[in-house]
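For reference, the structures are reproduced in the following blocks.
The same chain A turns up in both complexes below, where it pairs with chain B and then with chain C.
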Partner chain A sequence: MRALAAVARKELRQILRDRLTLMILLFIPALFLLLYGYALNFDIRNIRLAVQDQDGSSRSRALVSSFVNSGYFDLVASGHDPAAHARRIDANDVRAVLVIPDGFGRRIETRRPVRVQVVIDGDNANTATTVSAYAQAIVADFAAREAAPVGIAGPAGAPLVLEPRIWYNPQLRSTLFLVPGLIAYIAMITAVISTALSIVREKERGTMEQVRMSPLDPVSYVLGKTLPYLALSFASALIIILVAMALFDLPMRGSWLLLSLAIGLFLVGAQAQGLLISTVAETQQVAFQLALLSSFLPTFILSGFIFPISSMPAVVQAITHIVPARYFIVALRAIILKGADLVTFWQDFLALGIFAVIALGLASLRLSREWA
Partner chain B sequence: MLGRLPYMVRKELLELRRNPALLRIVIVAPILQLTVLGYAATTDVQDIPVVIVDADRSVESRALVSKFEASANFVIAGLEPAVDRIDPWIERGDAWMALAIPAGYGDAVRAGRTAALQVVVDGTDSNSANVALGYARVLVATHGQALARARAPALASEPGIGADIRVWFNPDLESRDFMIPGIVALLLLVVTTNLSAMAIVREKELGTLEQLNVTPLARWELIAGKLLPFALIGMLDVVLVVAVAVGWFEVPMRGSIPLLFGMSLVYLLSTLGLGLFVSTISQTQQQAMMTTTFFFLTPMIYLSGFIFPIENMPAWIQPWTYLIPLRYFLVILRGIFLKGVGLEVLWPQALALFAWGAAMLTLATLRSTKRLA
Partner chain C sequence: MSAPAIDVRGLVRKFGAFTAVDDVTFAVRAGEVFGFLGANGAGKSTTIRMLCGLLKPTAGTAVVGGIDVSVDPEGVKRRIGYMSQRFSLYEQLTVDENIRFFGGVYGLRGERLEARRRFVLDLADLRGRESMLARALPGGWRQRLALGCAILHEPSIVFLDEPTGGVDPLSRRRFWDLIGDLSRRGTTVLVTTHYLDEAEHCHRIAIMHAGRLAALGTNAELKGVFASRPIIEVQTDNPVAVMDALDARPEVEKTSIFGTAVHAVLRGAATDPSVVTDALARASLQVRSVTRVAPSLEDVFLDVVERQAEVA
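For the complex of A and B:
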């Protein structure tokens, strides 16, 4: 215990002297949240629209202005040449082209059905799906307003109406969805990166021999080296959440105790993963590659942070079970957004605990082999 | 003309060969990751778990439920007798959506009155919630039209004003075709930046930089000697991941393959140049690692348009995205893969990427002073 305290004190002093590292670990995460919290959203607006109006009637102009007035589309180009519009899509200057056929206005007046065409750049399927839904809604709305007096609207009195109610996030703000994921991502990166080089650095520099000669046992050596970082990461995670509450109206509906417990379990697991990498790698460069490839991209893509896990193929869904961020994000969203208690998501806590124990076990096993 | 450069390159290659673990990682990991992440990175929403509260239990309500059952978008996660029983389903996330059919639904349908259905959606995943709600709307509207047609066949047959949606390049709205070029660019960024970020600081930390400094090696020779072997590995990675993208995931390859490789080389110059620059300004490998991850990789990934469209970002952030090489390479990759366009369209991006790489390499060369900092 005395040895542990001594190592921890030495490590802490080293961190305090390395101002850059300290600042990075403590404040950059909150700064990240600030930047990305504003920058990232799936709410699609300002869609660049080109119009090919071959009719030029008052009705076709009315349709164009209902696109512009919807608030979703910005009119950036118009013209009769389809090839010019195609080039604009190629160069990403426009995302959608509205083509109004000749005789559009006349057909509406003579009560004949008429179709307009909307060409959408499909390179981003997610955006394209949304743009298509907006366009369809605007045209349907236009049809109801313009054509109803003339009499070609749909059947009067819809037989079924849907009354949607959205829980937890009534405005469907993507910020509320993304912030817990960002917290997990930032915590994972800080924890793994702060420990991944710890032991391999001593190995590479040859100072491991000196450590081994000292009267330190491996356990207090490792704990002493990681506990200061654990405290640092924990503080930084709490700062992130406070910033999110202050700036992004993140509701904190659940218990702080559970939240701290979830963060603690997750950080211990992440640091143990970093330690494991540090004991396996022979050089810092290899450790860096392993740390990035095992934490950076999986936490980003396989955790449900952005991509819904239930849409993934079964094999990949199985793989996501070994990504601890998956459980952490579920727990965070449940505690912060839903105010759920432990009964509803104890499985995720259990999984976080199991991951931490396994990672710690493997790391200490590798370390004692290294020590001997 | 080449002078001492070949010796420097040979030294680097020897060192790489002596470190088989690193080589294995940078060759095998990108392929493995692309295979898994390529499947994972999809924004398509399928199999939405929905819990159904059928308070009516009539022939009509069962007809509606069977429509949800038959839809590929929904999976029925459970049935509950009353609306107040759905809370735990949504709280645990076992169901994303609840459909409540009120008592009297069948009577209303038979009598030709408007029947209201209630849908509760879990809004925590706003994107999926939006999509799920859209699917439910379409399904209910279609069912409603079928009911109306059955009621008064003449009334519902008249088509009004409608929109024909045509989606170019990706008619099935397959998000994988969009994501995989992005993952290719991302993997190359992560692997190569990190290779070169450690390169010079490692020699600094181990004390071997001094040995290099006393040789007659020029600064540019040091940088070029570090760069070339990594560029070789990077190009090997490009070939491998492009092969997986096209051969395994069947991402359409509509443009020119030589152009793709040429552009990848320019991109690698910028990522490797960035790494080398970080390496020259860092004192320890840990610093290099933190600087790369925090100040370069993370912002690049989030702000490059890889997933989050740049046009959705606030106006004050958008100009900053021009500083990100990944942004240009994404446009180039997606342009070549999906749109089949060439340099006549992509030259501004190509130019920006080239300028970025040249600037980084110049900075790295200037920073790598031969004195010991």
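For the complex of A and C:
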């Protein structure tokens, strides 16, 4: 215990003295959040909209205003000729056409179901999906305000009344969805890299050999070295969340205790990964590259942070099961956005725990071989 | 006589097919300064690492401070101090923080830590510089601080692996004074070096070559190999021609170059040194001086290595 404390005290002093490392650990992550938070925005704006208003009532004009006032749609054309609208879509002049049937206003006043149609250019499936979701949200919102059963009709005019209800993120702001992913991404990189570098640095400078010549046991050494980084990474993750709450209106609907637990579990796994790298790499350069590759790429691509896992090929989906960030992001979204209980995501906690145990086991196996 | 501080028998260490240390046997008395001489790669560091419990011997035994290193390497670590040529201190920490860290690692605290801290500060002459960063210390000071940190826990045996690399001559001299102090207080010191002049400070010297112990003895004992082989030193501007001229004479066993001088080893104590002047005159070579000299450790080292190479 005494030796562990000596190592931890020394490591903390070194970190505090090394302003650069401290900055990298504490504030660069929050800076990352700002950069990515503003740049990584999947919201689509300025969707060119044409309107075919066959009703011409004050209600139909109110619906058109709802579309325009949402901020997502720009009204660029209107007219009664469907063929002209079709040509506009073909020419890429408009992306969506809102068709309001005759009698729209009357049916609302008499509280009878009514359907509007939104024709969307499907040349870009992602955009089309997004536009469709916006249209549904706006129509639903309008229906709620008018207290009338308004729905969007399918392309064939089938009598289908959609009632889209988007929970947790009613404005469908992608930032809210991205922030938990960003936290995972940034925490992973800083935890893996800082742990790997701090140990390989001692190898490079020869201080590791000096310490190995002493009666210090490897467990005290490793714990003493990693605990300060765990504390710092933890602080860093909390700073990210606070910044996101302040700047991006990130709600925090769940329990801080569960959140801390999730972050802690995830960080321990990430540090174990860094430790494992430090037993393989002999120089800081190699360690840095290994750490970056093994943390950055999977977390960015395979965690569901940006690309939905459900739309990946089956083989790739299988691979994502060994990416810890995958589980962490699910847990974070559940806690932060939904305020969910442990009951709903205990499997993700379990997976994080399993990853941490396996990584720690492998790392200590390699370390004890190297130490002896 | 008490048990030796270090007792090594038939020590072997192989790395794959390569034998780094090959059947080495020696013993070091308590309080002795024992020098390990040898070229880079001769097996000195590998031997030290085995004696410190860091590397498992492939064969043979090594008992350090009464403990078999293969049986209880951790026990050995508690009894020894180790310092390498890299003066492995934490550069971003201050002098004081380094001392406290190593003190903590060795489990020192309270009064004892305070007393040992003062001892190290005095030893390294770092009083008043406690809050300087280790990085900012000149080489000689860093070296003495590293030594101080290595002996904080008052080990009875200290291993120094090329402790004077990259340090100015004055600091080297001071460092050897410190080693002398340690030895007088009863600490056993095993030191490797490739500075031959430093080895003269050792009570006994072991010369390693290609993993084997090529020679072992006191300074005088080692130089004894030249008892019946006088060494003649020739100061000259043309050492290559001088060596050629001397090597042609049957009375000359061998020649070697020493800076601007040539050392010629004669066969037999009775050989008249005038054979050298004779040979030089016949070859009409101009030289500055021809003198009979006492053997240096460098003569011994070259002689040992050459003979070892002939055997191999």
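Note that in this section the second predicted complex is superposed on the first by the 256 of 372 C-alpha atoms of A that agree within 3 Å, B and C clash if a C-alpha of one lies under 4 Å from a C-alpha of the other, contacts with A are read in each partner's own complex, and residues count from 1 in each chain.
Here is the rule we go by: a contact is a pair of C-beta atoms (placed from the backbone, for glycine too) under 8 Å apart; a residue touches a chain by one contact, two chains touch by 3 or more.
Nothing here was measured: the structure is a model prediction, and the numbers come from that model.
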{"item": "Contacts of A:205 with chain B and chain C, given as first, second, both or neither", "value": "both"}
{"item": "Partner chain in contact with A:57 - chain B first, chain C second, else both or neither", "value": "neither"}
{"item": "Touched partner set for A:70, first chain B, second chain C, both or neither", "value": "neither"}
{"item": "Touched partner set for A:307, first chain B, second chain C, both or neither", "value": "first"}
{"item": "Touching partner for A:334 - first (chain B), second (chain C), both, neither", "value": "first"}
{"item": "A:17 touches, of chain B and chain C: first, second, both or neither?", "value": "second"}
{"item": "Touching partner for A:216 - first (chain B), second (chain C), both, neither", "value": "second"}
{"item": "Touch count on chain A, higher of chain B and chain C", "value": "B"}
{"item": "On chain A, positions contacted by chain B and by chain C", "value": "205"}
{"item": "Touching residues on chain A, where the partner in the complex is chain B", "value": "20-21, 24, 28, 32, 35-36, 38-48, 87, 89-92, 108, 113-130, 132-133, 135-136, 139-140, 142-143, 146-147, 152-170, 172-174, 176-177, 189, 193, 196-197, 201, 204-205, 281-286, 288-293, 296-297, 300-302, 306-308, 310-313, 315-316, 319-320, 330, 333-334, 337-338, 340, 344-345"}
{"item": "Of chain B, residues touching chain A in the complex", "value": "19, 21-22, 25-26, 29, 33, 36-37, 39-49, 88, 90-93, 109, 112, 114-131, 133-134, 136-137, 140-141, 143-145, 147-148, 151-152, 155-156, 158-171, 173-175, 177-178, 183, 186-187, 190-191, 194-195, 197-198, 202, 205-206, 285-287, 289-290, 293-294, 297-299, 301-303, 307-309, 311-314, 317, 331, 334-335, 338-339, 341, 345"}
{"item": "Touching residues on chain A, where the partner in the complex is chain C", "value": "2-3, 5-7, 9-10, 13-14, 17-18, 205-207, 209-217, 372"}
{"item": "Footprint of chain A on chain C - complex, ascending", "value": "52, 54, 56, 73-74, 77-78, 80, 82-84, 86, 88-93, 97, 100-107, 109, 150"}
